[in-house]
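First chain A sits with chain B, and in the next complex the same chain sits with chain C.
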Partner chain A sequence: MFGHIFVYRLKVLLRDKSMIFWTMIFPIALATFFNLAFGGFSSQGTFGTIPVAVVLESDNIAFADTLEKMSTGESPMFKPDFVTPSQADALLSDGKVAGTITVADTMALKVNQSGISQSILKIFLDRYAHTTRTVSRIAAIHPESLQNMDLTPVTFTKDAPITTGNLDMTLNYFYALIAMACFYGSFFGLEEVSLIQANLSRRGARLNMAPVHKLKAFIYSSLASYTILIGEMMVLMAYLIFVLGVNFGSQIGLILVTVFIGSLAGLTFGSFIAALVKGDANMKTGLLIGITMIGSFLSGMMFAEMKYLVQTKFPLLTIINPVNLLADAFYALYFFSTYNRYLLNISGLLIFTVIFALSTYWVIRRRKYASL
Partner chain B sequence: MQVFKLCLKIFKKNLPVMSIYFGVFIMVSIIMMSNNRPTEQAGFIQAKTRMVVFSEESSPLIDGMKEVLSDIAVFEAIEDDENQLQDALYFRRISYILRIPENFTEDFLAGKNPTLSVTSVPEATSKIYIDMRLDQYLNTANIYVNQIPGIDAQTLNTYTLEDLDYETPVQMLEADQTFGEEGMMPYYFNYLAYTFMFVVIMGISTIMLVFNDLNIKRRNACAPMSSTSVTLQFYLATMLFSLLSWALLAGLSLLFSRNELSDSNTLAFILNSFVFALSSSSIAFLIGNLVKGREAISAIANVFTLGSCFISGVFVPQAILTDSVLKMASFLPTYWYVRGNTLIAISADFSKALMIQLAFAVAFFILAIVVGKKKRMAIEA
Partner chain C sequence: MIVKVDNLVKRYGNLVALDHLNLQVNAGEIFGLLGPNGSGKTTAINCILSLLKYDKGDIHVFDKPMSPEAYDIKKDIGVVMQDVAVFNELTVHDNIDYFCGLYIPDKKERKKLVDEAIEFVGLSDYRKFYPKKLSGGLLRRLNIACGIAHKPKLIILDEPTVAVDPQSRNKILEGIVALNKQGATVIYTSHYMEEVEQICSRIMILDKGKTIAQGTKDELKNMISLGEKITVEVFDITETQLKEIEALPHITSVIYDGKLVEIRSTKSKNNLEKVLEYIKTEKISFGKIYSELPTLNDVFLEITGKELRD
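Entry: the complex of A and B
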C-alpha cells in the first residue's frame, strides 16, 4: 500500500512542471540574481588605499617621511601623486583622487565631497599637526628631555573578534532565501490536503470512497511530497554552496538538519492553511505566497537591515515569524560558537510544525459528507 | 471595434492580479521614502561613525578619550550581550566596540602600555578611521607620560586635549556647491522599471495567449474582418494598456517625489520612462509570441523582470555592481533606462541612453512580428 501510493505520487509530482518551477527553479534563479547583484556589495565599506594628490609648496622632510611610511607596505593607506596645483584640481574634479594635500608650513586639504576617505585624510593631517604641537610643548617646558624623545607609535589596541565568521551582510539574503524556498514547500502541503478532502477535489471524493485508512493515505502521499521537497532543497543548497560559494560554516550536519526541519515546517504550513482556510485554491495559493513573502521581507530578504529593525523594535515579530526563525537558525549556526540561539530558533520552528500538523489532523480527520 | 473591446475585457479580468503589483510598488516606494532620506549639506563635514564604549573605570584619561572620539563617532547605547553586539555589528548599526579594562589608567600612567580590546568589522574603513584617532590620543598622552615623569592625570588631560584641538583647514573644490544626494526622484523612477515590466508582460502575454489559441485563431480567421484591422485593433488595445500603466506608475513616482517636481529634470525623467515603456512593451510582445501556457507566463514574467532589474541596477545601485555584470546587463533596455535616470539626475547628456532604448524597442518589436508571423503560418499551435 505504502509503496503504491508513494511511488505514484512521486511520479505525479515530478510531472508537475509549475510546482517544480516555483519550489526549485525560482529560488535558484533568485539566488543567481542575488549573487550577480551582490558580487560587489560585500566589499562595500572595506578599506581601500586612498588616492591623494600632493602639492609641495615647500619641502617638509618630516612630513614626506610620514607620508612615505603610510604609502608603502603590504596594505598602504594612501597612494600619493605629486602634482602641480592645477593638475591637482583637475584630478579632484574628475574624482580620480579623494583629496589634495598642500604641503607648506601648515598642511591644507582640498576635497570635492564629504566622505569617510576625506575624513581619514583630514585626521591624518590633524595627527601631524598634533604631534608637532606636542613636541614643541615638551621643548618649551622640558628642553632637556628632547634628546631621548621617542616618537615611535605604540599600539594600545588589541583586536578581539566577536566571531570567526565573515561579517558579510549579503549572507543574510541567502539565508532568508533558503527560508523562503522551504516555505514555498507549502504548495506541496496545500496540494496534499486538497487531494485528500472530498469537498476540495474529485480525487479526494474518490479516495474517501476507497477502503483505505485516510490518515495513512495522507501520510504516505505527503511523504512523497516531503521527499521531493527535500531533494529540491538539496539541489538548492548544493547550488548555493558549490556554484555560488555561499558560506554556511562548517557544521554541515546541523545545516542539513535545519533544512529538513525547515522543509517540514513549510509543508505542514501549507496543509494547515489548506485545511483551515475556506475558499478556493487560488485564494489559498495567494495567501501562502503572501504570508511567505511578508515573512521573508521581515527576515531581510529584500533589505537586510529590515531584520535588524524588526529585532530591535518589534522583537515579538521575530518569534512569531517562522520564516525568520529558520533564517536566523542559519545565521546563528554560522556566527556563534554556542548553540543557544540556534536551539531557540529550532525549538520555535518545531513548535510551529507541531501546531500546523496537529491542526491539520484535527480538521481533516473523520470528515463525513452527506452528499458530494 | 470588436477586437479592441475584447482585449479590454480580458484586461479587466486580470485587474486584481495587476493591482497586487501596483500595491507592491506603492508599498516599496513608501518604505524607500522612510528609509533613505538624503541629507543636504554644504561645505566639508567630518564623517561620523557609530560605536559602543564599555568602560570598567572612569578617569580623566578616559573622559578625554571619549571627548576626542566624539568628534568622529556617535556613541550608541547597546546592552553588553554577545547576541545584541553581534547583530549590531553584522547589520552595521555600529562598527566599533571599545572595551576599557579595569586599571587601564593606572597602568597607562605607569608607562606599562596596557591594551584596550577592540571588536569591529574587520578591514572596514570605519575601523581604520577610529583606530587612527584613538591611536593619536593615546600616543600623545604616552609621549607626555614618558617625557614628563610623574605628570598628574589632570595636567596630562589638559595637555593632550589642547594638542588634539587643532584641525586642518579643509577647502571645498567648489565652495558653494551643495552635496546632497540627487534627491529621491531617480529612485522612484528606477523602481518603476520593475513594476511596469512585470505588469506589461503579464497583461500583454495574457491577451496574446487567448488570441494564439489554435481554435480561436482559426475561428477568428473566418471572421469577415481584414487581418490588418484585427492586428491594428489589437495593438491599439495593448498600447492603451501600456500607456495607462505607464501613466499610473509615472504619476505615482511623481506623487512620491512631489517636493522635487520643480526640478528642471522632471520632464527628462518622464520622457526616459516613456521610452522605457515602449521598449518593455515590445519585449512583452515578443514574450507573448513565444510563450505557450498560462503558467509559463507568470514564471517567465517573474524571472525575466527580477533578473533584469537585479543586474541592471534597479534594486542595487549600478555603482555597486561589478563590471562583468554591468556588461551583461547592457544587452537589456533596463540597464539603459537606469543609466539614463542616473545621467538625468546629474543633469548630464542622456540622449545616448534614450536612443539605445528606442533601438531596443524597434528591434524587439520587429522580432515579435517575425515570430508572430511564423507562428500564424504554422498549421499547428
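Entry: the complex of A and C
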C-alpha cells in the first residue's frame, strides 16, 4: 500500500502546476530578483587598484618613495603612470585614470568626477601634506626628535574575525528566502490534510470509505510531499550556489541538514493550519502565504535591518517566528564559529515541528465527523 | 441482510436530519432512497458508511456492526458520491487504478479490474485523457468507475446523475442495472422519481429525515387513493361542464388551466371511457387526450401535500 499511495502522490503533486510554481519557481524567481538587486552590494565594500597619472614637475624623493610603497605589494592602492601634463590630461579625459597628481612644490590633484577613487586620492594627498608639514615643523623645532620618531599609524581598534570565510551581508536575504521556501512547503501539508479529511474534500471522503488505515495513508502521502519538497529545495540551493554564485561558506553539510529540518517544519506547519483552521482551501492558502510572508519579513527578507529591529525591540518575536528560527539558524552557521546559537534555533524549530505534528494528529485521528 | 439500520437519529444542532430511521436492504436488490433535497438521503448514506457521527441507532452491514475501522466490511463496499472526486492530475486510467488500488493490492488482479471498469463505463477511448478534458457526463462515468472498479458486493450511489445529459444518464442507469445483474446489491439515492421508478426494486421515500413510505413501486402507488390522471386538451369549455365532469363517479378533482383539463380519479374501471362519453355528448371540441397512472411524485404529493421537487 505504501508504494501505491507514495507513487501516485508523487505523480499527482509533480503535475500540480500551481503547487510547483509556489514551492519551487517562485523562490527561484525571488532569488534571481535578489541577486539582481543586491548583486553589487558585496563588491561595493572592496576597492580595486586606482589608476592615477603622475606628472613630475620637480623631484620629490619622499613623495616618490611613498607612492611606490602604496603601489606595490599584494593589493596595491595605486597604479601610477608617470606621464607628461598633456598625456595626463588625455588619460583623465579618456577616463583611463581616476585623477592626475602634479608633483611640484605643492601637490596638485585634478579629477573630473567625484567618486570613491577620487576621494581616496584626495585623502591620500591630504594625509601626505599633513604628515610632511608635521615632520617639517618638528624638524624646525626639535630636529633631535626626528631620529626617534615612529611614523607608523597608531590604531586603537583591532579586527577580530568571527568567521573563516569572507563576510557577505547580503546572505541574510538569501537565508530568509530559503526559510521562506521551506515554509512554502506548508502548501504540501495543507494538501495532504485536505486529502485525508472527509470533511475537507470529496477525495478525502472517498479515502475514508476505503479499507485503508487513515493515519498510515496520511504518512505515506506526506512522505511523497516531503520527497518533492526536499527535491525542490535542492534545486533552489543548487541554483543559488552554482548559478547565482552565492557563497554559503564552509558549512554546506549543516546547511543542508537545516534545509531538511526546515522543510519538515514547513510541511507540518501547513498540516497544522489545514487541520485546525476552519474555512475553505483558498482561505487557508491565503493564511499560509500571509503568515509565511510576515514571518519572512520579520526575519529580514525584504529589509535586512528588520531582523536587528525585531531582535532589539521585540525579542519574543524572534523566538515565536519559526521562519526566523530557520533563517537565523543559517545565519548562525555562517557568522559564528560556535554552534550555540545554531543549536538553539534548531531546537526551537524542532519544538515547533513537534507541536505542529501532534496538533495535526490530534485533529485527524478523529474517525467520524460531526458534519460533512 | 446486506444493510440494517435501526432507529437512526442524527441531529445538526436543533435540526433533526434523521428521525428514527429504520432501513433494511436485502441481497440482490436495487434499493432506492427517494426524497427531495435536504430530506436526509445523503446523511443516511454517510452514517451507513461511518463517515458521520450519529446520536442514536445501530448500523449493520453484511450482518456486522459498521465502524470506521471495519476494513473487512469496507473492502466489499463501493461508493459513488454526488460530487465527482477524482484527481485532475491523473489520467482516466490512473484515477481508476489509484482508487482501485486502495482495495486491491495485487497489481495483476487490479489491472484486469481496471480494464473491465473502463470498458464497463465506456471510457475505453479516453484512457489517457485527463479529467479536465472530459465532458460532464464522461466525468460522472469516471467517478462511477473509480467507485466500482474493485467489484464490490454493495454499491452505494448517491445522486450519480445530477447535472448529467440524458444520454449519459441512460448509460449510467443501464450500468447500475447491469452491475446488479452481476450480483451487486445497490443502494441508489435520487430526487429524480423517474430514475428510481425505472431501476429500483424497492423504494423508501424520505422527507425531513423521516420515512414516509416504503415498498415496491406498485406497493407505494397502491397506498394512495389516486387511481388515474386524465388530461384533456380542450378548446372551449364552460364552468358548468367542468362541474359536471367533477360530478362523474370516482372523479375526485378537475383542474382547468385555460388549455388543459386535469381530471383525477380514484381507482376504478372505465374512468377514461366515462369522461370521453361526456365530452362527446356535450360536443366539446378537444385535441389530445391521455391517461396516466400515478407516479411516485403523486405518492409523495398525497402523503406530504407537496411536490417531490419542491
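Throughout what follows, the second predicted complex is superposed on the first by the 247 of 372 C-alpha atoms of A that agree within 3 Å, B and C clash if a C-alpha of one lies under 4 Å from a C-alpha of the other, contacts with A are read in each partner's own complex, and residues count from 1 in each chain.
The rule we apply is simple: contacts are C-beta pairs under 8 Å (C-beta built on N, C-alpha and C of every residue); 3 or more make two chains touch, one makes a residue touch a chain.
Quick caveat, the model's predicted, so the values are computed rather than measured.
Asks: Given the superposition on chain A, which partner contacts more residues in chain A: chain B or chain C?
Replies: Between chain B and chain C, the winner on chain A residue contacts is B.
Asks: Touching A:Ala129 in the superposition: chain B (first), chain C (second), both, neither?
Replies: In the superposed model, A:Ala129 contacts chain B only, not chain C.
Asks: Determine, under the contact definition given at the top, whether A:Asn208 touches first (chain B), second (chain C), both, or neither.
Replies: After superposing on A, A:Asn208 lies in contact with chain C but is clear of chain B.
Asks: If you stack the two complexes on chain A, which partner ends up touching A:Ser86: first (chain B), second (chain C), both, or neither?
Replies: Neither partner.
Asks: Contact-wise, after the overlay, does A:Ser58 reach chain B, chain C, both or neither (first, second, both, neither)?
Replies: Once the two structures are laid over each other on A, A:Ser58 reaches no partner at all.
Asks: Of the partners chain B and chain C, which touch A:Ser117 in the superposed model: first, second, both, neither?
Replies: first
Asks: Which holds for A:Gln147: it touches chain B only (first), chain C only (second), both, or neither?
Replies: Touch partners of A:Gln147: none, neither chain B nor chain C.
Asks: I'd like to check the shared interface: which positions of chain A are touched by both chain B and chain C across the two complexes?
Replies: In chain A, no position sits in both the chain B and chain C interfaces.
Asks: Quick one: which bits of chain C touch chain A in the complex? Just the residue numbers, please.
Replies: Residue positions touching the partner: 12, 46, 49-53, 67-69, 71-72, 74-75, 77, 79, 81, 83-87, 89-90, 94, 98-99, 101-103, 105, 146-147.
Asks: Using the touch definition from the top, list the residues of chain A that touch chain B in their complex.
Replies: 17-18, 21-22, 25-26, 29-30, 32-34, 36-41, 44-48, 77, 89, 92-93, 106-120, 122-127, 129-131, 133-134, 137-138, 141-142, 145, 149-151, 153-163, 167, 169, 172, 302-305, 307-308, 311-312, 335-336, 341
Asks: Can you list the chain A residues touching chain C in their complex?
Replies: Per the stated touch rule, the residues are 1, 4, 8, 11-13, 15-16, 198, 201-203, 205-214, 367-372.
Asks: Provide the residue numbers of chain B that touch chain A in the complex, in ascending order.
Replies: For this pair, the touching residues of chain B are 28, 31, 35, 41, 43-47, 49, 72, 82-83, 85-93, 97, 99, 113-129, 131-136, 138-140, 142-144, 146-148, 159, 162-164, 166-174, 177, 179, 295, 299, 302-303, 306-307, 310-311, 315-316, 320-322, 325, 328.
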